[in-house]
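The structure is given below, and queries will be raised subsequently.
By letter and in written order, the chains are A, B and C; residue numbering begins at 1 in each of them.
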Amino acid sequence: MGKVMVLVEHRRGEIREITYEMLKKAQQLDEEVEAVLIGENLSELKEKVRPYCSKLLTVKVEGLSEFNSEPYQQILSQLLTQRKPKILLMGHSAQGMDLAPSLGVALGCGVITDVVDFGFQNGEVWATRQVYGGKLSAKVKASSETVILTVRSGSFDPQGLLAFKGEEEEVTFPLVPFPYKKFLGFLEAPKAEVDITQADIIVSVGRGIGGPENIPLAEELAKALGGVLACSRPVVDKGWLPKDRQVGTSGKTVKPKVYIALGISGAFQHVAGMKGAQMIIAVNKDPKAPIFNVAHYGIVGDVLQVIPNLLNKLKERKK
Amino acid sequence: MQLVQRFELYACLQCGKCTGGCPVSLRTDLNIRRIMRELIFGEEEVLKKEAIWDCTTCKTCTLRCPRGLEPSEVIVALRAILVERGRVPKTVIDALEATYIHGNPWGRARQKRTDWADGIKVKDLTKGEESEGLYFVGCAPSYDPRLQRVSRSIALIMKLAGVDFGILGTSESCCGNEIKRLGEEGLFEELREQNKEKILSSGVKWVVTTSPHCLNALKNEYGLEGIRVYHYTEFFLELLKQGRFPFKNPLAQKVVYHDPCFLGKQNNIYDPPRDLLRGIPELKLLEFSRSREISLCCEGGGGRMWVEGTGRGTRNSEIRVKDAEALGVDIIATACPFCLLTLEDALKTMGLDEKLQVKDIAELLTEALGLEVER
Amino acid sequence: MNVIVCLKRVPDVAEIDLQVDASGKSIKTEGLPYVLNDWDNYALEEAIRIKEKTGGKVYALTVGKEVDEEVLRRALALGADEAFRVWDPSVSEMDPYVIALLLSRTIKENEIPFDLILTGVQAQDDGYAQVGPILAELLSIPHVTLVTRLELYEKKARVKRELEGGLEEELEVELPALFTIQSGINEPRYVSILGIKRVAKKEIRVFDLGALKLDPGEVLPKIKVEELFPPPVGEGAEILKGSLDEISEKLLEIFEKGGVI
């Protein structure tokens, strides 16, 4: 068994959830859990992480309030060469994807990305990850002295994090200036136009939604799940939603992680536009509706009853 | 060669018979008469018109032109230029690429092309079996669950009547009729080559198709020497006349027949579907006022299943189902998979799906013959 | 501006029931349809647009067998100037590091001039999302992943990068640099069959380890696939039964498992 080190992921003064997911798994794997926090103003941030590690390494760098792979790579190369953890964990996120592979080259170590589980076996690190769009899983091994893993968000449940020793150690490293990659700032996505083809979660309505007066209900569900509203062609034809929301052969093709089809029969031209979705959940009154042939989960029932109940449960859960 | 020379556009009288008969002229920006004139002044401006994608290639314009010009072919040629430039609507790209990769514009797996025949023993002519004729199923009837009832009906009826036929199985590729009309001539030629090779090496003497679109391509554009190509309604009428349809159930229903453009207008097959329907005991056949040569195009052809241009307002298919309602019929019968899908969609949007049904003639035949189509 | 674009030919498995082969480490590929990796398609379109806007050349590269040249033909049909393929049967196992190493050597040995290198964010078969950044590191150039917008200037680029939850960030990067391109950055044009036929005779330069002055001992993977296995799922739609409350509870569980909430 070796040490597990977690790279704390933060943005705009908040610790990102993936950090806690990784800490939870690390706690399960080892009695020694180290975390490393890099940034400018660390006094508040560090208190949100320190209690859950054996030791939190803080690296304070002037002018580095937000992530930039260049200085992070310089810092972590030096840190890992010194400390040699068996595993370095980071999120398979925009930060992790930018950093892990190139850091691996700098250190000469194996990098396994987008893992949903991992552990030790005979001195090697193994990890499980999904391939072919989730149709198959793969067990991958790396035998380098240190192995970098990027963890898929939602793989581990951060509930029940234990209180650990919580020591703190400030460390510094010499940094070579990196004018060739400058972080300029954040941009919120423009709200005006919705591109359903880029959404991860889609709530889609068909004629079974009944009428335009029920569209806001579906919109509410989409919002509650962090997704966007889409529809099948009859809904556009009736003018209940604009054409840019249409999924199907004469509309848009979507490949979201989750597609919730409400009152959609599953007509051929529609299915062709969404069959690539990773998880399809369908609600329809008709048990023979063709949508159930392509859906992963189905509910035979009235959309107008199922959705309000679900929304209530979602609201309760938030509290 | 410039389109002006290729299509002899200087000969156009600007009489307006083309636009006058165009089924989408009232609900889209497509004005084919204007295009015939504007091309004389240059192609670039015309190529910018989104309305190019509204054409259903029903060919009414070409059939009516007093000078024998081919306005519908001009539209296809404009589309071909856009295809070469790569600048076509995204849904068209998806359909064309899907056809290239999977052999059908719906992007469905080739391996699943024969799923429609589950539970029906059909000869596969690419696996060493032989037969007199070929049933060319078509993409939509192979993959769409609603249309699989039609392909199953056709196969079951032929078996009942003792017809010796086989299919090309998962080696059947899209006939390419719509692909050609979307302007991808190169892909059409590839598909034709693939299918022709399979058809000729199977040794069949005749081919029967589900769809009038496949009929059009195989009969008129494939050059299948010595092989007769039929639409299933023509073939079935012969079987009916030979007494090979032992009807068991009368269908005491009022039915109106909708002429598909690619069957009627373009291939002159008007009576066989009607005679088949009249052959079903107790079926009462009515006619639309716009029938036969002037049948109202459902807007399913010419690649329109995958693209829309500038259409607004009530669709032709919606007008058609309203007409059927006014006639007081129970069933709209048709013999084209695209007509069936567009008319059924229209029943839903017009709220008429409790009152009326759309059925393919093959489905009505299986009902009357007492054949179980469901798996 | 000269652009190198790296392409991968992958199986399109949308409706296929994938099966693991006898080795247990890869899939049965018989009868599978193959396509250009979706992300690479966007990268290629971006490269061609840069050429159309600024002049210069586009170089298309792939690591693969002869049958993989299909993706290079597509690039040539779109206007790429030269195409390169790397393959050696002695490389028994490839991981992202090996692929990036072969690509970097091809670029160095041929002294391919470039202002930018574009790759897709990830491949739709294994989805590692590593080749791009590894390649950048091997060539000692800066990289940015998940690029949604690319603005080019004389010696630098201003890019938008996709973060989580609809947020984006903006960066300024000095050229030459490598960018991994996110889907949706542009609308890839159609490549016609006639277009591809027209470039059927164009040369694709092929390299093996010898030509790249590499020996097999240098080309070893850093990670290895031990086995592939199907995830446990049911057949067809699992119909959720019970009262409205029970169904909602089950849905919440499903959402949690799927990382939706």
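Convention: contacts are C-beta pairs under 8 Å (C-beta built on N, C-alpha and C of every residue); 3 or more make two chains touch, one makes a residue touch a chain.
Not measured: the values here are computed from a predicted model.
S.K.: If you check the contacts of chain A and chain B, which chains show up for both?
M.R.: Where chain A and chain B share a partner, that partner set is C.
S.K.: Hey, which chain is the most central one here, using CA centres?
M.R.: Taking the mean of C-alpha atoms per chain, the most central one is C.
S.K.: Nearest whole angstrom, what separates the Cα centre of chain A from the Cα centre of chain B?
M.R.: 45
S.K.: Measure off the straight-line distance from the CA centroid of chain A to the CA centroid of chain C, and report it in whole Å.
M.R.: The computed centroid separation for chain A versus chain C comes out at 20 Å.
S.K.: Distance between chain B and chain C based on Cα centroids, please, to the nearest Å.
M.R.: Chain centroid spacing, chain B to chain C, equals 39 Å.
S.K.: Do you know which chain C residues sit against two or more other chains?
M.R.: 14-15
S.K.: Can you list the chain A residues in contact with two or more other chains?
M.R.: Those would be 275, 293.
S.K.: If I count partner chains per residue in chain B, which residues reach a count of at least 2?
M.R.: 90, 107-108
S.K.: Would you tell me which residues of chain C are touching chain B in their complex?
M.R.: Against chain B, chain C makes touches at 12, 14-16, 31, 33-35, 78, 187-195, 197.
S.K.: In the complex of these two chains, what residues of chain A are touching chain B?
M.R.: 207, 233-234, 237-238, 249-253, 266-269, 272, 275, 290, 293
S.K.: If we count contacts the way the header does, which residues on chain A are in touch with chain C in the complex?
M.R.: So the residues of chain A touching chain C come out as 11, 16, 66, 69-70, 93-94, 97-98, 100-102, 104-106, 109-114, 126, 129-142, 144, 152-154, 179-189, 195, 197-198, 201, 225-227, 257-258, 275-276, 278-279, 281-282, 292-301, 305-306, 309-310, 312-314, 317.
S.K.: Residues of chain B touching chain A in their complex?
M.R.: These residues of chain B touch chain A: 90-91, 94-95, 105-108, 140, 143-147, 304-308, 315, 341, 345, 348-349.
S.K.: What residues of chain B sit close enough to touch chain C in their complex?
M.R.: Residue list for chain B touching chain C: 83-88, 90, 92-93, 96-97, 100-102, 107-112, 184-187, 189-190.
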